[in-house]
Structures are given as structure tokens and as C-alpha cells.
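Naming follows writing order (A, B and C), and every chain is counted from residue 1.
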Amino acid sequence: MPPDHLLDDYVDPYDDPAARGHRHGPLRVGLGGPVGSGKTALAAALCRTLGAELDLAVVTNDIYTTEDADFLRRNAVLPDDRIEAVQTGCCPHTAIRDDITANLDAVELLESRHPGLELVLVESGGDNLTASFSYGLVDVQIFVVDVAGGDKVPRKGGPGVTASDLLVVNKTDLAPLVGADLDVMRRDAGAVRAGKPTLLISLREDPAATEVAGWVRQQLRSRAAQHA
Amino acid sequence: MRTLVEVVARAGPGGRTVLPVVRASGQLAVRRTGPSTVHLVATAFGPLGGDDAEVRLVVEAGARLAVRTVAAAVVLPARGESPPSVQRVRAEVAGSLDLRAEPTVVTRGAHHHALLHAQLDDDAELTATEQVQLGRVGEEPGRWTGTTRVERAGTPLLHTTVGLGPGAPAWLPPVAPRAYASTVHAGAALARATGEDAVRLPLERGWVATAWGDRLAPTLGRLALLEGAAPVEEAQ
Amino acid sequence: MTAALLTLADSRLPAGGHTHSGGVEQAIAAGIVHDPRSLEVFLRRRLTTAGSTAAGLAAAACRAAGRDEPRRASLARLDAEADARTPSPALRQASRQQGRGLVRVGRRAWPTAAWDDLPPHPHHPLALGVAAAAAGLGPADAAQAAAYLSITGSATAAQRLLAMDPITVATVTARLAAEVDAVGAGADQAAAGGPAPTDGEPGPAWLPAGTDPLLDLLAEVHADRDDRYFAS
């Protein structure tokens, strides 16, 4: 072990910035959820809606290709140098939960490139209902599911559904087509989420993701208040 | 058997190079074959297992030196348990050194160590090519271990050891090359390039290109592509 | 002490290793690795070249970290030695990425002043050497960890990519144990100042420099792909 005097200059090893809830730098928002639920669509919507008022950037965790990053570039919601894609070694949930190194590298790269950054969205690779972000990587996380998976999804639970800071049930426009009962989804989510918010939205009908953007603004405000 | 070759190249009048020291003892002779070119000539068969040859080259500022050999070196094992043969090239370069020996052919049962240690001044130039064939035609391959260390102004630029032949790490199927060629250049930068069984990697103000395969001639052809030069004539 | 070594070599240590395949993703794409036997060959190839080089550097860095002066200069010199032994830009980046990841966790897990003497994005073996010293381990342990880590990441990556039987892959790595030990021990000796085989001059300049041009080529081709699971 190093002699004690060497420790004097160092921060407490157990001092976990995430747990303290006042990490410096931009607010990091995780976007998790199953494949195809609308994570990239939501990221694009948030970029469009918040891009004018906030200095923001996105990290994507594509599983194999750079599809998501390319989508954001193609749709020109963000300039190239504000999008970073990381490889996750076939294990998207490991990269956001168990070993977040590659994502931290990407966030830090974006921070160094854009010193005034206020918001970083981290989109996870599409995974399953058990995947959630480590709070070592993000400050708050949004879990995105869609109605097409059936109205049983909130009831099935899993850390993403129960513990995320915001649950988004997307594609409500499809509910009649797939026979999903939105009231059941709202009620089940409420039952397992211990008071944490759930939003039922359709990015098709509201491409600005107005409600989710409002929630993100509120997160930024409450963090600013904490820092003050 | 110990062999020692020493050559010093110095800037002479009118931008020419003079060679104040050109001497050799042991199994190599050294001939001046041009104003700034020397050829090394083997005076015996081999090298043989256990042989030790050292080539010391000094190229002073403003001087140029090209070192060639007259024929392929055929490395033979000593009788019984053959120890490796060793060839060390130590170069101190402030001017420009161009080193290109004919191929080294390592015969069955032989193990040859080749070392190039070049210490360059900040604006020195170096081009050094190594060509290796394991085994003569139809013969089992021998072993070759090559270490290249190039330093510029005291900082290491490149340091690699490549082992080839039975028992060497890079001698494992399905990629077990019997032919190998590599050029390191310090002077002007070239970007990274990849080819079939060939790769060129950038160094600071330089590059290193390597190609491998079954036979030396096509290997040299692939290397030449990465050197940005026309393919060299077929080696024996 | 053993527990510290096990922690350092544990694939669960969150230092970013899981996103690197050590060349195996491209080796699979090139048809060089396709079954347990070809995986074993690949791992041995990697162990005795890149693994031995990393082990020598890790042992030397551990030594340097244990001395107070001139630690910063020694580590900077070793970082330059690592660069010289890693001419492939893709492999340099992979090594520095993993070095940075290890510094991030190492700094908190084993705080020591030596971390501040590392260059900002050190090569992975240097970070490993410093971590070993900080955890109270010696150069031989650092070399051992480096040798071991040179194959485990590739083994796991191959298992995922080829959907191999994990027990088979564990068997392949277990069977290489003696070779891993030998590579670690040899590299540690070199770092302790043993003479280089063809040279006789001790010192960091003559640490192992095993290179496999095939791995360089695979790494460069891999870096050009935009459809890959692994960062390297």
C-alpha cells in the first residue's frame, strides 16, 4: 500500500461524483430502451427543440454500424463534431453500465472540444428491459419503450422501466393498430415507478418531443439550483 | 568467427563524400564501388552458426553512404547443435545512409539474428531494407530473428523484433511466411497504407513498410508498391 | 498481494478492455480465426509478440513508478519506447485508449503520486505498471498481468463473435497458462536489465520488442471499417 502521506493530496477514493449529484460540466442524459423504440428519433427531436437554446452533443452506442450517428448527421440536427459513436464490443449494456470507459472517453472528448457544453445525450445501443445506465456515466436517464411491444411492457418491469428517471412510452399513434391500451400502460407504469414520471408520446405526431424537452429543461434547472 | 567492418563517410570538398575509413576483417571484405558506395563481399561460405559479424557505419553531416552486398548471404548451420549466427549493423548517421543488402537465405537448421541499430541526428536520412528467404528452393526453412531500432536525436523512432521460421511466434499457420521484406525510412513522411500481406506504417518524418509471403520475388514486388517505387528486379 | 494482482487482471475491472478485441475481430473477418484451435494459435501469436512487449514495458514502468526520482522522465522515456514498438496508428490508439481507461480507475482504486507523472494518455502497459506499483505489487506481477491481459480480451471477443462455447474458450486460455507465465517472467528479466540476446546492452532500450506484422496489418484494416463491434 502507498504510505499514508501520499494520500494527502488525493480526493477520497470513495468520493463518487455521480452520487453527490453535482458533477461539473454538462448534464448527461442517458437514453435507453429496447431496439427500435425511438431512442434516436427522440435524440434527434431533442436536438431540434433544444439545439437553439442549449450547447449540446450526442454520444451514440451503435451495436455494429454507425447507423444512429449517421442518422443524426444526415438529418443535420447536429454538426459532425458534436456526435461521437463508440464501439461496445458486442455488449451494449456493458458499455453503459458495467464498464463505461468508452462512453466516458467520448463524453470527455466532446467536453474538451466544446468547453461550453450544457447537455450531452448518451443513446445506448438497443438492448432489453434490464439494461440501464450507471450513474457514473449519466446524471439522469430516460427509458424509451414503445406501444408496439404490447401494453404488457410496463407491467413486466425491469430496471429500465422501474428505476429510470423518466419513462417514455413512444409511438402512441400505433396503439389502435396493435391493440395496446394506453390507460393500462399508464396505470401499470405508475404502479411500479414509485411516483417517478411517465410520458406517453408519439414522435410521429409531435416531432418536437415537447413534453420530454420540457422535462430535460427542468432537470437542467434543478441541477443549476443545486450548484448555486 | 568474428567479422568487423568499419566505414566512415565524411563530407568532402564540393559537396562530395569521401570515405576516410573503409576496412574489414574476418569473413567480409569491403570494396569502394562508387564515390559514396561500398559493397560488402563475403570471403567465405556462410555465415555459419556461431559466426558474429559487426558492421559499423558512420555517416557524418553532409555525407552520403550507400551500402550494398554483391550476392545473397546463405546462412548455414554449424555441425551438431548449431548456435545462431549474428549480424549487427550499428550506424551513426548525421548525413544520409542507404542500406540495402542482397537477400539473406536461412537454410534448414540455421538461425540467424540480424540487428540494425541506427542512431540518427535530427535531420539525418536513413533508408534500410531487409530481405529474407527461409530455406533454399525445396528446402525446409531456417529461422530468422530481426531487430530494428532507429533513434532520432536520442528518441526511439522504431523498435521491433520480428521472428520467423519454425518455433518463432509469427510462424504459426495459416500465416507462416517464408519470405519477408521490410524497409524503414527516416527523412520524409508517407501515410499509412495497407495491401495484400503488406502494410506501411507512418513514423514521425518517416515510415516503415513490411511485406511477407511464400517467395521473395513477389514479396519484394508488394513491398515496392508501398515504397512508391517501381518493382525491383527479381532476386535469386 | 495476490488479490491485488487478481484485481488488476480481472476482466471486470472497468478500464475499457471489453471494447477491444486485440485484433481478433479482424482476424475472424480475414478467416484466420474460426475455431478453438485457430484461436489458440492466434492467442499464442499475440502473447509472444505484443504480449511480451507489453509485459516488458509494464515491468519497467512498475520499476520506474516505485522510484521517486526521476519518475516523470523515466515514464516519459518508456512511453516513447512503447510508441517505437507500436508503429501501427490503430494499435497506438488502442493502447493509449486502454491506458487512459486504466488510469481513470487506477487513480481512484490505488491513489499514488506516480499517476501524476504519467503522460496524459499513456500506453496501456505504462498505466498497468503504475497501477501494479500503486497496489503494492512488483515488476514481475506487472509483467504477468500484461501477458495475461494480452490474450484474455481477444479470447472473450472471439467467444462473442463466433458464439463459441465459453467452456472451450476458458480451456484454450487455461492451457496457455504456462506460456503466459514464461512470457511474463522473460519480460520481467529483460526489464530488470538482463542483456538483450543480440546486443549485450541492458536498459529500457532493449526491452522486448516482439512484433507481428500480421497484427499490424489486421489492426489497420480493422480501423478503416465502419461496421465493427470492437474499437480495435
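In the analysis below, a contact is a pair of C-beta atoms (placed from the backbone, for glycine too) under 8 Å apart; a residue touches a chain by one contact, two chains touch by 3 or more.
All values derive from a computational prediction rather than experimental measurement.
Quick check for you: compute each chain's CA centroid and the global CA centroid, then name the chain with the smallest gap between them.
C
Based on the averaged CA atom positions, which chain is farthest from chain C?
Max centre-to-centre separation from chain C belongs to A.
Measuring from the mean C-alpha position of chain A to the mean C-alpha position of chain B, what distance in angstrom results?
Centres of chain A and chain B (C-alpha means) sit 56 Å apart.
Between chain B and chain C, what is the gap in Å from one C-alpha centre to the other?
Their C-alpha centroids are separated by 29 Å.
Starting from the mean Cα coordinates of chain A and chain C, work out the distance between those two points in Å.
Chain centroid spacing, chain A to chain C, equals 33 Å.
Can you check the complex and tell me which residues of chain B touch chain C?
86, 88, 113, 115, 117, 145, 147, 149-150, 155-163, 169-170, 172-175, 182, 192, 194, 197-199, 201-203, 208, 210, 212
Going by the contact rule set out above, which residues of chain C touch chain A in the complex?
Contact set of chain C toward chain A: 12, 14-21, 97, 100-101, 104-105, 108-113, 134, 136, 157, 160-161, 226-231.
How about chain C: which of its residues touch chain B in the complex?
Touching chain B: residues 32, 38, 41, 44-45, 47-49, 80-81, 83-85, 87-89, 196-199, 205, 208-214, 216-217, 220-221, 224 of chain C.
Within their complex, state which residues of chain A touch chain C.
Listed in rising order, the residues of chain A that touch chain C are 1-2, 6-7, 9-10, 13, 63-66, 86-91, 94-95, 98-102, 104-105.
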